[in-house]
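Several structures are given next for inspection.
Note that chain A is present in both complexes that follow, paired respectively with chain B and with chain C.
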Partner chain A sequence: MENAAIIGVGMTRIEANKIRDTFADLAWEAVNKALDDAGMNMDDIDNIVTTSNDFWDGRTISCMAVSDASGAYDKNVSCVEGDGTFGAFYGLIRILSGSYGTTLVTAHSKGSEGISSLITNATFDPIYERALGLDMITGCAMQAGAFMHRTGTTAEQLAMVSVKNHGNARHNPLAQLPMDLTIDDVLNSEMIADPLHKLDCSPVSDGCCAMIIANEERAFQYKRDPVWIKGVAFCSDTYFLGDRDLSQARSLTEAARKAFAMAGIGNPANDIDVMELYDAFTYQELMWLEAMGISADGQAGRDLEEGRFAIDGDLPVNPSGGLLSGHPVIAAGLIRIGEVVKQLRGEAGQYQVKGAQRGVAQGVNGRCGQSHCVWVLDKNK
Partner chain B sequence: MGKKRVAIVGTGQTHHKSHRPDVNGQELINEAVQRALEDADLTIHDIEAVIIGNMDHFEGINYVDCWSVDGSGGTMKPIIKLTTGGTTGSTLAIGGYHMVASGMFKKVLVIGWEKNSESDTTGAITTAFDAVWDRQVYAGAISGLAAEAKSYMDQYGATNKDAARVVVRDRKHACNNPYAQLRKEVTIEEVLNSPMLSDPVHLLDICPRTDGACAVIMACEDVAEKITDRLDWIWAAANRHTYTYLGDATYGHLDSLTRASQEVYTKTGITEPRKQIDVIELYQPYSFAGIMWIESLGLAELGKGAEYIWSGATDMGGELPINPSGGVIGCNPIGATGLIRCAEIALQVTGKADARQVPDVNLAISTGFGGCFWSDIILHGKNKPDY
Partner chain C sequence: MEDIFEGIEPMVYQSRINIPYNWWAGDTASKFLLAIRDERKILGTKCDSCNRVFVPPRKTCPTCFTDNQEWVNVSDVGILEAFTVARRQLAALPGKVPICFGLIKLEGADTALLHYLGEVDPGDIKIGMRVQARFAEERQGKITDIAYFRPI
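Up next is the complex of A and B:
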């Protein structure tokens, strides 16, 4: 892969209900922050990729609602439906193809305007599955059960993810749910779908993220030191949950293997300084860490207990507070990339990981981690 | 242009119909995929990545990229969804181009599909527009087009009869295309006497609703040339999705198509498109577009589109045949429609278009239309682009 870099990031605050903002207002705020961050204006943007989802927006051609606000007037523009990591991937590809020097990528969602259980029920098969009442929470509860059963991971270990990430969010001014929790707080919170308690689940959120990607030549022309993209890969598992071993995330293993190989990462457990993962539920952070080879199979919970993934641990995971502290669907993956950029620039303030040189971001599409996208970013070219 | 040259090495379509109760969505997709693989003499194991698109609210399936893998063959492969409304199919083709040109993937499978029989098409399209300013008064598939046609008629004096001539052409062409849905000729009188849907648009002026899928396989230069010597090279692609609100569009001129086509012409050195282009598959969802949008493409002067159509120049055997497949008036599985335009041009360029073949195609254009008067355009060539 030729050199390309992230040269600007803009994020709105993540909030439960941005009732004063339309989709366009969200995009406008994030886009202007990204342009200011990069020291660019809209004339410096060669093309645009927006990322949205018609179901979450309750709007057909959901990209249309944000195209003006994303500066798409009289420019080449396209739209990815799915997580922001996939939108950013397509934004990168349009640079690597040689067609454009810079891409502005946006991703937005307002969970407050939808009914999450109905929207995610629509990801299930209309004949065989929907009538069972499956949605993202009940589907993921089955996966959590399968993962805990196979690996022996405990409810306490799951709860520790929540304690860590909500605790990290106390230092992140953009996070929705900074919380000072104990393991008992999590275990005593309402049971939503066994084994997932309320505090094992990410909240419903509104938010938008914008990012500017550039080729090597353009990367040096603006205000910021580029953060280099060293590896990107994505992969989808089977659709029907029964066709998979639900306790394993083999498509993540494959995507991570490819992305790490591109980046020359031989030993992911040692070669990565910071990770921002798609922890829509507590168990996912542990399951994804094992699938990516960061922890040995069944050992992520123990590594967590030993403090390995804390901000001052040897591999901090979700120092921003992760999705558990704010989960605007679609934007969430792009925010993960943006948070890694902040870390590598040394701009993460109170949640800065000391000396971070290389970071990994991950995003998810579909039910129970069917499709994953993994990004490796580096401070150095 | 691209780091790698990109060519289409295979295409596949379903036989498009108004209603396919015999298959579900994944099976419909799989029909097109199997045909494309067969055309390229490849297996799904040769495919390195998949791009898919449709419009979510027609079938009511969320995360179609994930749902579709049993039909698309995307299991344990990279699969990504692009969706931009009516332009989805052409957006997918442009996406396939970038994926291959980037050098990251050598062979990419591009899939567009729609099962419109499962949808409330206008109900779903209505929600594309602003909930406060547009949706209550002025949305859906036909109303904006009717306003565009009225504005053009007012400015240039075009008539319903002029538009009907475009329908006569496309419906006649569709009879040569075994994949088209509406394979029956119509007369100008039949068009004019068909029910009025939204003045000035009659029933026969507008595209049908269709179940169908299309798949296109793209490959980079060194791989493509090993697969086949009948290649359709992608020369250039551009788009403009300029407007968000219906009231912002310029009615009577498709500015987005003018600007996107100018970008492509400038990149590739085309100065006289009418002479240099040999065939066009125009995403033309209704008859009046067949007059107006060829002006936007620079094929006729403003107000002279109808004259060019009446001359027969765009009929089979004419100077610049348009829509040999029968076009969108012949069938419209929306998420597939723009990609069908691209696939049909690939057939023309590679000489595989059978009864609808235009002789000696060197350079050709496929377009996409949708959203809020948005346009996509791709320039295809028989010869390898020389840049």
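Up next is the complex of A and C:
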């Protein structure tokens, strides 16, 4: 893959209800932050990829809520429906095509404006499934139970993910839910759908992230040291939950394998300094770590107990607080990438992982981790 | 910098998207649903390439990209592969909690069917349980013509 880099990042705070901000306001804030960060103006942006979902926004061609605020007039603008990691993937390949030197990628949602249960129920097949009334929480709860059953991962180990991530969020000024929790706090929180307690689940949030990707030549023309994209891959599993072994994330294993190979990572557990993963639920952080080969199968809980993934551990995972501490869907994965960029630039302030040179961001699309997109970023070219 | 909007109440506009849809179920789903409605039989389709039997049935094998030509009967008995119990009254739920959902791999099928569990205490549900379909008395050609699966 030819060299390409991330040269600008801008994010809004993640909040439960950004009542003063429309989608356009969020994009305006994030995009301007990204441009300022990069030392660029809108004329330097060759094309734009927005990421949003029509159901979440309550309008079709949902790109158009943010297009003006993203500087799309007179430019090639396209929308990716899905997680921000996939939007960024599209933005990257537009650069790799040779047609564009810089791409502005945005991703937004305001979970506060709709009813997430009804929206995510609509992901279920209308003929075979939807009437049953499942949503993202009940679907993922089934996966959590299957994962715990197969691997022996315990409720306490899941709770530890929540304790770690909410704890990390105390040092992230953009996080929605910094919290000082104990394992018992999590286990005593309301059971939403067995085995997921309230504190095992991410909140439904509002937020927007913008990022500027450039080819090698353009990457050196602006203010920042580029953060290099060393490997990217995405892989999709089957749609119907019953077609797969829900306790395994096969498509993540494949995406990680490809992305790591592209980046020349031979030993992921040792070669990676920081990870920002898609922890929509506590069990997912553990399941994704195992699928990516960071932990042996069934051992992520134990590795977590041993402090391996703590901010001062061998391989900090979600030092930003992750999605458990604030989850604007769609923006979620782009924020993961943005947080890794901050770490590699040494700009994560009080949640900085010391000496981070190489990081991994991961995002999910679809139900129960159907599709995964893995990014490997490096401070060094 | 002064906030020109300070003191101005943010207006919230309430609306609703209410769009009726008429989805054509397709030949495959129609045959499946009619067999349940009229004969209380559960059918699957088989891929010639990987030999997997899909329930609910699919016209195209999701892994092999082939036509699934063959129809097979599957049992109304199967094993529970995954489950959850909804405890909070989430908006999408059609009734009062607790509601038990499960993925049931019926004998003869290679994929699991998503459905309800009934006639069981939520605390007693275990992965690996044997369950059997209970058909609704009045059936309309919908997935809810199976009322739920119960332990046997």
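In this text, the second predicted complex is superposed on the first by the 381 of 381 C-alpha atoms of A that agree within 3 Å, B and C clash if a C-alpha of one lies under 4 Å from a C-alpha of the other, contacts with A are read in each partner's own complex, and residues count from 1 in each chain.
As a working rule, a contact is a pair of C-beta atoms (placed from the backbone, for glycine too) under 8 Å apart; a residue touches a chain by one contact, two chains touch by 3 or more.
Please read these numbers as outputs of a predicted model, since none were measured by experiment.
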{"item": "Which superposed partner A:53 touches (first chain B, second chain C, both, neither)", "value": "first"}
{"item": "Chain B versus chain C as contact partner of A:168, first or second or both or neither", "value": "neither"}
{"item": "Chain B versus chain C as contact partner of A:193, first or second or both or neither", "value": "second"}
{"item": "Partner chain in contact with A:343 - chain B first, chain C second, else both or neither", "value": "neither"}
{"item": "Partner chain in contact with A:126 - chain B first, chain C second, else both or neither", "value": "both"}
{"item": "Chain B versus chain C as contact partner of A:284, first or second or both or neither", "value": "neither"}
{"item": "Dominant toucher of chain A (residue count), chain B or chain C", "value": "B"}
{"item": "Partner chain(s) touched by A:325 [first = chain B, second = chain C, both, neither]", "value": "neither"}
{"item": "Partner chain in contact with A:81 - chain B first, chain C second, else both or neither", "value": "first"}
{"item": "Which superposed partner A:234 touches (first chain B, second chain C, both, neither)", "value": "first"}
{"item": "Shared chain A surface residues [contacts with chain B and with chain C]", "value": "58, 120, 126, 238-240"}
{"item": "Residue ranges of chain B in contact with chain A within the complex", "value": "1-4, 53, 55-57, 60-70, 74-85, 91, 94-95, 97-99, 101-104, 124-131, 238-244, 259, 263, 370-372"}
{"item": "Contact footprint of chain B on chain A as seen in their complex", "value": "1-2, 24, 53-55, 58-61, 63-65, 67-68, 72-82, 86, 89-90, 93-94, 96-99, 119-120, 122-123, 125-126, 233-240, 250-251, 254-255, 365-367, 370-371"}
{"item": "Contact footprint of chain C on chain A as seen in their complex", "value": "19-20, 58, 115, 117-118, 120-121, 126-129, 131-135, 137-138, 141-146, 149, 190-196, 238-243, 246-247"}
{"item": "Contacting residues of chain C [partner chain A, same complex]", "value": "5, 10, 12, 15, 17, 21, 23, 25-26, 29, 33, 54-56, 62-63, 81-88, 90-95, 99, 101-103, 105, 111-116, 122, 127, 142-144"}
